[in-house]
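Structures incoming, each one as structure tokens.
Below, subunit A partners subunit B and then partners subunit C, in two separate complexes.
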Partner chain A sequence: MVLGTYKQITLARSTDKQIQKISQDGGIATGLLCFALDEKIIDGAVVAGPSDEMWKPEPTVALSSDEIMAAAGTKYTLSPNMWMVKEAVRQYGLEKAGIVTIPCQTMGLRKMQSYPIGVRFVADKIALDIGICCTENFPFESLKTFISAKAGVNFDLVEKMDIGKGKFWVKTQDDMISFPIKETHGYEQSGCKVCLDLVSELSDISTGSIGAPDDWSAVQVRTDIGETVFNKAVDAGAIELKPIDEGKFGLEMLTRLSKSKKEKAMKEIDRRKELGLPVPYKASSEKEDPLANV
Partner chain B sequence: MLARIKEFLGMEAKPKEEASQQEVEKVAEEEKTKPRIGYIHLSGCTGDAMSLTENYDILAPLLTEMVDIVYGQTLADVWWDDENPMPEMDLALVEGSVCLQDEHSMKELLEVREKAGLVVAFGSCAATGCFTRYSRGGQQANPRHESFVPIADVVKVDLAMPGCPPSPEIIAKTVVAVINGDMDYLQPMMDLVGYTEACGCDLQLKVVNQALCIGCGTCAMSCPTRAVTMTNGRPEVNSDRCVKCGVCYIQCPRSWWPADRINQDLGL
Partner chain C sequence: MSEKIVISPTSRQEGHAELVMEVDDEGIVTKGRYFSITPVRGLEKIVTGKSPETAPVITQRICGVCPIPHTLASVEAMDDSLDIEIPKAARQLRELLLAAHDVNSHAIHQFLIAQDIVPADLMVTAINSVSEIRKNAQYVVDMVGGEGIHPSDVRIGGMAKNISEVARKRLYARLKALQPKLDAHVELIIGLVADKGFPEGLGVHNQKPLATDVLYGDRTKFELDRFTEILPESWYDDPEIGKRACSTIPLYDGRSVEVGPRARMEVFQGFKDKGVVAQHVARALEMKTALSKAIDILAELDTSAPVMADYDIRGTNKLGVGAIEGPRGMDIHMAQVKDAKTQFYSCLVPTTWNIPTMGPATEGFHHDFGPHVIRAYDPCLSCATHVIVVDDEDRSIIKNEMVRI
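Let's turn to the complex of A and B:
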């Protein structure tokens, strides 16, 4: 299962004009969290919010739609969202916390829920996890370096960053500059090289741009909780749907990219095992499905 | 239930032909009786016992219907001395590290190993030494008491449940797993028996240095003393605050990865 277990795969976008304007693609993470907050499915959410520094996100506990919307849009650098989960439950007193996670964070979250060894009464307060598709992540200095060196853009002038059509896009007030995504290789953090998960396989609902046309997201509904929340949001008109294109730029591309991330990671995992370096995953020879996230 | 655990742990590794009819009957008899549990308190703060009792909703049926607490100073008011020998136990939870200079603790721990089928290092003091690792003696009530070590340094341990304290949920989940003979769930706890030299610096040595850190922040979240913060997406450990409980590294998704259990729990 290259895309993990899921109940539904579809294109989706938020119907809220304001969210459409500020979010990355279809505004699914922002739209679903705002909807869940309005419906009291969650009473707050851990998101990658703004910090004092432009484009450097900070894990933030958002308690209102405004605060959720302030965190809209992708930041291509590290935001240790798991760090704020205990804070959200203890300091902010959330009983039903939402959280946005990239695949590795989803894995930290789910491990904590199945084995809450040192984490007291936090696991049961997680009401909704929105997973984001992720190919790799960049240290903040890496991001700054290739934006200024490859795109030749003053970091402070960047208005939006995006990855799509094989390119890294940098938008400023009066310009749209791009360079091949290949040129970012070597800048990513090395922990990503053993990651077998592109599509947040363990989230309640996962969302991403791969396989979706502009301004839409490709969404996978995975768990029972995810299904309930997603269907409510669709029924209420907060999210609109469109079938995903099965072809080359749709499902096929998502499948291909997920498979290629997994294959690359498995090579690295096997190489590490041979060298005797630690890695928490099984070697390809040790598992039935060599691409499974185990 | 216990027969299954013992069999799995190789504690009753007698060849099949030796298992006489009598022995089979004995095991069957044992299955019907409630497991006898002991709680042994060595050098710890009672936080682990407190965490156990935080399972209010399951505690009463657990203590009265599912198990017999046959030994323990806090939970059962049973003390061991020369006139009252320590009873036989199926499972002993040991809280606290053991002080090598404390004859009483050493004697009690060795006796527990004799009398208990399964010994659990319960809480980080017993499992990793935790904050008692910092002891240097020279204090009242006994200035000679300076060397506190995880119990696995002295006796064979079957399961380790670290945590400062272990959360009430992990205790409940483990109890349920033990009663159901769910060895898959217990496997990580068996593996953790060998993790006795824990430190916040394991995040650096075993994760960042090994090119495995992805900056998710799970370590910083799980630290019970807020010794771990995240700087530029990497854990930073304040060693003055670290109590060496091991929880940060144990919760890290890159230390061990229980994929099957997670999929099962999520219904995926």
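Let's turn to the complex of A and C:
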């Protein structure tokens, strides 16, 4: 199964007008965290918050809805959120922490919970993990470079970035520039080349724009905790639903992209294995399902 | 006819030690000698020549039972050597950390002596009570120190981070809720010790107490020129023991002293009782003092205040002293920093002070009580070891000038 295990797959978006305005797509990560915080399901969250530098996120512990909203929107660069987990539990004293993670971080989180070496009494305090879809991620300097080189825009003028319809979009105040996503290849961090996970398969709830129309997110509810929180949010009207399109621009596209990410990564894993390089995955010959995320 | 009773190693304590008692025909101890047989660690040598920040990180590994006092003594020694005045909030956090650790560490000891004093029908109650207290005290250590066992956030110049307002309120509420439980626990322990019916005068000795503060420690109260350190060979009148003992004998005013909760209470709170029962009672009572201090600090702490001072790491080779009152007694670390490197490092740790006092304290009673006397001092040997064996064949130790290994 290329999309991992899930209980439910649907289109969803936050009903909060404010969140709709500032968020990347359906505002699910922001909306769910705000809802969970209000309902005291979590007492704070580790998010990619703003830093001193535009577009450079900084792992932040958000203790209020305002702080969660300040972190809304995708930043296409690295935010080492796992790095903040310990501080969130220790200095901030969170006992039920929420967290937003990209697939690699989700894997790290689950590993941390399974083998809490060096994180005793920390990993068990993560109450809700919202995973986001990720095709690849760029170091900050890479992002800066290809935006100024490919889009020809001064980095400081960028208002929003997005990936969709096979293109990388850069929005400035009076312009909308795009270039083929293919042209960003080579700029991503090298770990992304062996990543077998597009949809945060191990998260409680994963969300992303692939397979969803504009301003909606495709959401997969995966765990019992995820289901409880998600259903509560839907019942309370914080989130509205729409069935996902099974066809070419919906589920089919999500499946296809996930499969192609896995196939590409598997090829690279096998190549690196052959060279004797260390790769934290099994070679395709070593596992039953060559596309399994192990 | 005198006979020798040897207990090796003595049990339910940290590290390895040996108790050798000479007894008369009735089995009464006429001469008690207690000495450490824990192999040398050499941590002070490891940190010498390295950057000052290394010292707290390495020396806290002296022991996993009381890493907090070692970390604090180490940073205090470095602060002193580098002439750093730490911010008020940092000092409060350090005091809070130690107070919480005291509660936890004393509870561990009560767990260790449970077999001696708790009757079978109360065992579950007593152990649950210990666990409950430890859980809450460690929660404070986790949050303030950054790590439960070897705290990462205690730094030269202050603390790495202040705690958040949420954490402060949470800790305050938790410790407030712990207070009635701790009161009941202390009452339980004191009652159990009384019910055990130790003979009157057991473990009483004539050595003076040495303590620098009610709880935290004060380097100005420790006068270096009154302190001397001698080799075990010249202390123990049995040459065999003198050779095998792994720790030096520290003396204050030329005499061995007693450190620990009872010593602190005698010096600062006019606590008069002595002996095994008094040790247990003082230790239990000190848990209350520590908890109420922790609560007071949490009530006052300004969580937005800075916790790190600016300082020059290069140093002037000043001898810095860090004196911390650990759960088992006064812990002194000394350090000299010059050219941004540690030039000299030495630890005088709690149990080292108590070792020469504990042996004679067993005298005058039946040897069956020997282990009870030793356990009453809650010895922790791994930190106390301070000399090195150079020849495994004849177990001789290294020359005098090399003692501060």
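Please note the rule applied: the second predicted complex is superposed on the first by the 294 of 294 C-alpha atoms of A that agree within 3 Å, B and C clash if a C-alpha of one lies under 4 Å from a C-alpha of the other, contacts with A are read in each partner's own complex, and residues count from 1 in each chain.
In the analysis below, a residue touches a chain if its C-beta (ideal position, glycine included) is under 8 Å from a C-beta of that chain, and two chains touch if they have at least 3 such contacts.
Because the structure is predicted, anything quoted here is derived from the model rather than measured.
Trainee: If you stack the two complexes on chain A, which partner ends up touching A:Phe121: first (subunit B), second (subunit C), both, or neither?
Mentor: both
Trainee: Which partner, once the models are overlaid, touches more of subunit A's residues, subunit C or subunit B?
Mentor: The partner that reaches more residues of subunit A in the superposed model: B.
Trainee: Can A:Leu63 be said to touch subunit B (first), subunit C (second), both, or neither?
Mentor: second
Trainee: Who does A:Cys104 touch here: subunit B (first), subunit C (second), both, or neither?
Mentor: Only subunit B is touched by A:Cys104; subunit C is not.
Trainee: Go through subunit A and flag every residue that touches subunit B in one model and subunit C in the other.
Mentor: Touching subunit B and subunit C on subunit A: residues 86-87, 120-121.
Trainee: So in the complex, which bits of subunit A are touching subunit C?
Mentor: Against subunit C, the touching part of subunit A is residues 43-44, 61, 63, 86-87, 90-95, 120-121.
Trainee: Spell out the part of subunit C that touches subunit A in their complex, as residue ranges.
Mentor: Touch residues, subunit C against subunit A: 142-143, 146, 148, 153, 161-164, 166-168, 170-171.
Trainee: Flag every residue of subunit B that touches subunit A in the complex, lowest number first.
Mentor: Within the complex, subunit B touches subunit A at residues 51, 54, 161-170, 173, 188, 206, 210-218, 220-222, 224, 229-230, 232-233, 245, 247, 250-263, 265-268.
Trainee: State the interface residues of subunit A toward subunit B in the complex, per the touch definition above.
Mentor: Within the complex, subunit A contacts subunit B at residues 4-5, 59, 77-87, 101, 104-105, 107-124, 137, 139-141, 189-195, 201-202, 222-224, 277-281, 292-294.
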